[in-house]
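Order as written gives the chain letters A, B, C and D; numbering starts at 1 within each chain.
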Amino acid sequence: MSIFRMAGLLCGVAIGSVVATSAFAQDDANAITIVTPYAFDNIDACNSSSEVGLVVRENVVEALTHLNPESGKPEPRLATSWEQVEPTVWRIKLREGVTYFDGSAFDAEAVSRSIERMFNPKLDCLNRGKLFANIRLTPKVVDSHTIDISTEKPQPLMPIFMSFLTIESPKTDFDAMTSTPVGTGPFAIPQRNAGDAIVLVRQDKYWGEAPAVSKATYVRRDESALRAAMVEVGEADIGLNIAIQDATNPETDPGYLNGETTRLRFSFEGPLADIRVRKAMNLAIDREALRDGLFNQDYAIATQMFLPRINGYNPDMKPWPYDPEQAKSLIDEAKKDGVDVGAEIPLISRINFYANGQETMEAMIAMWQMVGLNVKLQPMERAQWLKLVNKPYAEPRPAMLIQEQHDNNSGDATFTMHFRYHSTGQQSEFGDPELDRLIDAADAASGDERVKLFQQANAYSAENVVPDVMMFHMVNYMRISDRLEFKPDDVTSTMMELSQIKFRGTN
Amino acid sequence: MTGHLLEVENLSVRFHSRGKIVDAVRSVSWHLDRGETLAILGESGSGKSVSASAVMGLIDTPPGEILSGSIRFDGRGILGLSAKDQRELNGRRIAMIFQDTLAALNPVHTLGHQISESMTAHGIPAERARTRAIELLARVGIPEPERRFNEYPHQFSGGQRQRVMIAAAIAMEPDVLIADEPTSALDVTVQAGILKLLKELQAENGMGILMITHDLGVVAEIADRVVVMSQGEVVEQGPLAEVLGAPRHAYTRRLLEAVPGRHGYPAARDLSSEALIEIRGLSKYYGVSAGVLKTPTGREIKALDDVSLTLNKGEVLGVVGESGSGKTTLVNTLLGLVDPTKGEVLYRGKSMLGPGNREIARNVQVVFQDPTASLNPRMKVGRIIAEPWAIHRGVLPRAEWPRRVAELLEQVGLRPEHADRYPHQFSGGQRQRIAIARALALKPEVIICDEAVSALDVSIQAQVIQLLKDLRRDHGLSYLFIAHDLPVVRDFADRTIVMQGGRIVESGITAEIFEHPRHPYTQKLLASRPVEERMRGHITEPAE
Amino acid sequence: MRSYFRQRTMQSAISLFGLVVLVFFLARLTGNPTDLLLPVDTPLAVREEFAARHGFDQPMLVQFGRYLLDLLQFDFGESLRDGRPALQMVLQAFPTTLLLSFWAMLISLVIAIVTGSIAAWRPGGVFDRIASLISLAGASIPNFWIAIVGVLVFSVWLRALPTSGTGTPWHWIMPVTVLFVRPCGVLTQVVRSSMIDALASPYVKTARARGVRSRVVIFGHALRNAMLPVVTVAGDQAAGMVNGAVIAETVFGFPGIGKLMIDSIMFRDFAVIQAAVMVTAVAIFVLNILIDLAYALLDPRVRHG
Amino acid sequence: MSDMTHPTAAAKPPREHALAEAFLMLWRDKFAFLSACFLLLVVIAALFGPSLLPDQALQMNLRGRNAPPFELERGWLYILGADNMGRSLLARLVIGSRYTLMIAGSAVVLALVVGTILGLIAGYRQGRIATIILRGADILMSFPSLLLALIVLFVLAPSVGNVVLVLALSRVPVYLRTCRAEVLEIRERQFVKAAKVLGASHARIVFLHILPNVVPTLMTLATLEFAAVMLSESSLSFLGLGVQAPAVTWGLMVADGRGYLASAWWLSFWPGVAISLTAISANLMANWIRTATDPAQRWRLEKRTRA
């Protein structure tokens, strides 16, 4: 065979394949395309607490309850009502007349199986790891639409947890993850192979109100500029995670708190063991200048590690003032007492953590330099950074600052407080008996008492421990096509209900 | 207006190269008539090929520049023709063949294609061109022309390739055939065949042949008239007998003087019987491999087959053989570059082979054929000559090196200050002198001259041989003198060995071999070079 | 020919095994996927459980032994991210990259051969100067930059091409462009210099002495000889395509092997990394054989040597 | 004709003369001349820039974020505009030139040295060692350079030196193969044979006879590779595996600025131009060196030197 004939043959194959891939085309006025930076590798329902929730949560698989985005209070969804029948047992009434896309009926058995499946050790369920690592839920079917969920210890937060219990079809493989989850939601995922684009199609049998969107396709593009461009030229209707500089028009490019709060954590070592130094470091930062310079007004200066809608948020706390003079005098004081304030303090940052993260770190270092502190940036790749973040820490632990970001989407402060501020917390750097006491007490309490105790713990920590340099409640931007009507909120970063999307005008 | 077929008048060509301007030819004039053979004789750098290139329109401008002159073909001026008109002429009316056939034929096309192309390029239909090409192949003496039509240049021997080139050149029955050193790269026996073929073809179609060569033998064999060129100028021209018989210009005389084999045999000397090198039953077999990855085929080639010889002290032993005769393998084995399959090499009774015998090997040095290739281009001459002392520590203290290098340079006829220059700043003959100086550095008893003068122009050849003779006289050296050509050996070697196919076919006193060759191969070898005889016919008496 | 393939395969098998060993151990130096796959706040117990489930708690040699055993049964393991067989994922992504590279190489070669040959005809001439400068510029611009500027200019401003994604032939234009610009620049330079050599060679002189037309001299005689070094360089460029494809695939959302590889690397999805590296290596092995064949096609000396 | 005439270049140009001639030859080729000037400028910037502009490149000015180019009201430093933190792009380009050149230069030198040594060994000593080296090169060639980058980044932390290591490692096979091919050819040359016959040791043959003859080819290759390495460095930055702030390289600037192409094109445009111009200059210089050292091509540069 001559080389030319060979080339000809390959050309033919190439052209053929191009034509073949272009064969599908869709023309549905109510179909939308959503462009995201996420790979959505595994969209199994039991991963719905991660960004996978953007696709499946409430769209495909519904949870028992739904958190109100403003108040953070649980509202009925697949559960119609719930009550704490015993300290460790919650009884839940389920919605009747609901069926799955695959025809199976939604009932207590399905819920029980779904919970058991989440705890199946053969599956790497993110929901289990993230929310139920220390809480074993034991379901017990009462009748066809009533179920009891019991826990070992009293669990006042059960209604909030229930908003993460996405209940997939009982026909789902119990021992393997699926790339085609089937739920009771308004949308269904047609049969697909893992790796294909994710397409959601409106389900006519949905028990609730029919959404306006008939079909949603999720595509992935890594470059923010490209996502913005795709919406601009009409190739996509919603572009998620648009860079700040691309979010030029507040009408089409709304921002929303993404649930993440950023801070720098102190290791309580070397000069950082001295509270005056920690305070000085907070006083030396001009947070407003940072926000206006590197981010914008949508970003909120944080006083604590979670959003105001979370139980336990203390609204009375004030951000640190910018007072370099006082910072300097605190440092001088410490220096007189023999603290080595001239030591080089590494700032462990994470590469590609969040937009403008690197620049923020650089700007903060410059501010510390002005009060005479010597902080040095040490960027790390994720896996390397992780080694420093979690206990058990390597000994000796050096004096350092660690760049962190945390999202509490659950609605309750305990996820955050215990982990970071309790002496036994996996990411805690210190042990303060009073703070331990407050957190333990709050954990055991419920209702207003619980909220109050967490608020006290937060205030105490900020005043008497100063474990971190609080930064911002972070914002995401999305670009929305002008044919759509949609307003993102605090929870949009992990859950985007397609049923909330409306079309403008008649078409 | 003269009636010559091809006439070059007052041609001057200049080249811009290597950092300087070279006037390649100055005011060159010559002419060629139908049916005659004109030889342009000249050594390297004489500009002998330039006017031919100008005829063919092959001088690229730049780097070339034609300063003046005219070329007329068939009464028409052809210098500076348009590319299209030049193409009409090239191949159809004037054809050309070249020296290095492997390079001059396109390696990726079949030879048949390349012959046909000289016809299709001039409008002959492909089918007819093919038929004619096969006829031509047969005519120039390629067996099985039908089959070989589809073969590639590398599948032919050098002589066959030159025949194919000739076939392609005569395809359009041109009026003029320019042959640029057509036989220089070939073995003597093959050379004779090619010249014979050219003469036959000329007789058949009456074309004029322009033969460009450095080889007086070829001139004597084929030319009717001779143009002698030196340093870009024509120094003498005239009928063959006149130029060779009564050279008017001093350069021509020197050239004739330098031709080897004209001075009788070396005087029979009292040869010592003290054997320096003894070779006993030396054989070297190579397994034959084939394919891209050289897979062994199980066949064997006997590069050396049971060779025995002795080199005595003070003796010059000539070894003559054409390509494939095994002389190269013999040298490589002697130098320890190749391990023999069997047999032994003794130096004063001790084995020379094997790694432990470096000290013995010191006494045997070598001068290679190509002085350009055998000197490291990035080392200064002084370092090249001193390298043997750097390798054999203790022979000469470092402080002595410059003095000794200067001495050696003077011994080989160069100047001490040349030590500071690089090889490329010297001419070919000077480089060979440097190589000889390096060989002398360790005061060896034997020097192996591996075709040491073959690449040099005749006049230089004679000088280098004279140097070797002087060194033998002064230092009592012995030479193993390897050559592919008999005449060089004739007036230098005391004894001569003729090799063919890895075996010694004849050996004896040089005069004996030349006067009474016994082996048919030796006879053929001598017959292929009738030059000396023929020249003697032309040359009356060497002028004083 | 058979022994050629046997030897070639042996060599490649050795390299491939070395590659497997190297990738297996070096990849594991870069950290534990447990940390990366699970959220930062995951409790220690959950991490340990996860590591145990996937065998990451075992000694490295045990893990490697298991991997080799599976490999012998042609089991490349499963992706940590979505549980699919690694080989399937790789084979699914591979054709896209192959096609992308094929077009990029084809266009590069065609442009390079035409431009390089014309430039070589009169070295130092106007065309040569301009072609050299453009090809150099092409070879000197970061390709992700070309990609993003391309989107802004052709999709956003001119609205002439789709921004990204697959589908119609239009979608292929920009990724292929991004991918071919550099090899094209490099190849043009190679074609040019090797054509200059070829045009100065004695056989071209012979052809001219025979009265052969310039076009035939360039394309019939010089080019085919000049192609030999071009084939070598083109082979190297083609082998490096996977690296270049990472950029094009990342920016344009092409589901190719480059993108798969970088994603897997970022997530320490070892099975997929290993499978992708192996498939790529095998492809390069096949490519090398194709280059040898092309050599043999172009040069009879190689065929008969 | 006699060979007793003096060497052709009897009036051997002294060293200064050779330099002057080289300069003249450079002057003849205007493109190469401009390239040389530009490269010189870059080198000067890399050598002295950081001491002349110690703070300007790092000083943030959050009010002047993304200031457009060609406006002089902020001072000449802002002639090329400011980046997303209000830092002078001109100053950053100057400061960035040091790391950029250092990284590309060291990577090329490191790869050149390692590749050459291995290539010499593989070419000169055939047999098992050569096989091992060649298979190693094969493995390195099919080893994804991104994974290599990640490994180094993770195991050794992201420092400038380690970026050099990654870039060098992935380019070693290029030199290795070229060097080996050259050695295979040169070791068959007669002067090597001559040295062997003299009894020269392997080290002597390799380092005194073969190496000096391989160097010119490798130098040309290295010049070309310089450009390629600069581009690879920027690709690594694009994927977040390259140099990390506060170190500045042009590649990092292009990569960081890409998000602003729609709103503030100058952020990635100027460093892109700097990379491209340097790469083009390096390539043109390589071409010039190749021409100037090739006797058959050299006249092009000398045409009018002595006419």
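In the analysis below, a residue touches a chain if its C-beta (ideal position, glycine included) is under 8 Å from a C-beta of that chain, and two chains touch if they have at least 3 such contacts.
Just so it is clear, the model here is predicted, and its values are computed rather than measured.
Contact tally for B-C versus A-D: the pair with more C-beta pairs in contact is B-C.
Between the Cα centres of chain B and chain C there is a gap of 49 Å.
Mean C-alpha positions place chain A and chain D at a centre distance of 45 Å. Here the spacing of chain C and chain D, counted between their Cα centres, is 23 Å. In whole angstrom, the spacing between the mean C-alpha positions of chain A and chain B is 85. Shown for chain D are the residues in touch with two or more other chains, namely 150, 154, 258, 261-262, 296, 300. Counting partner chains per residue, chain C shows two or more touched chains at residues 30-31, 148, 152, 156, 250, 266, 298. Chain contacts: chain B has no residue touching two or more partner chains.
Under the touch rule stated earlier, the contacting chain pairs are A-C, A-D, B-C, B-D, C-D.
Within the complex formed with chain D, the chain C residues making contact are 11-12, 14-15, 18-19, 22-23, 26-27, 29-31, 123-124, 129, 132-133, 136-137, 139-145, 148-149, 152, 156, 182, 189, 193, 196, 200, 239, 242-243, 246-247, 250, 261-262, 265-266, 273, 276-277, 280-281, 284.
Within the complex formed with chain B, the chain D residues making contact are 1-5, 7-9, 12, 21, 189-191, 193-201, 204, 208-209, 212-213, 295-296, 298-300, 302-303, 305-307.
Touching chain C in their complex are the following residues of chain B: 56-58, 83, 86-92, 95-96, 98, 100, 103-110, 117-118, 121-122, 152, 154-155, 165, 168-169, 291-293, 295.
Put simply, chain D touches chain C in their complex at residues 31, 135-136, 138-139, 141-147, 150-151, 154-155, 227, 231, 234-235, 238-239, 251, 254-255, 258, 261-262, 268, 272, 275-277, 279-280, 283-284, 287, 290, 296-297, 300. The touching residues of chain A, counted against chain D in their complex, run 223-225, 228-229, 243, 245-246, 248, 289, 292-294, 351-352, 356, 358-359, 362-363, 366, 377-381, 383-384.
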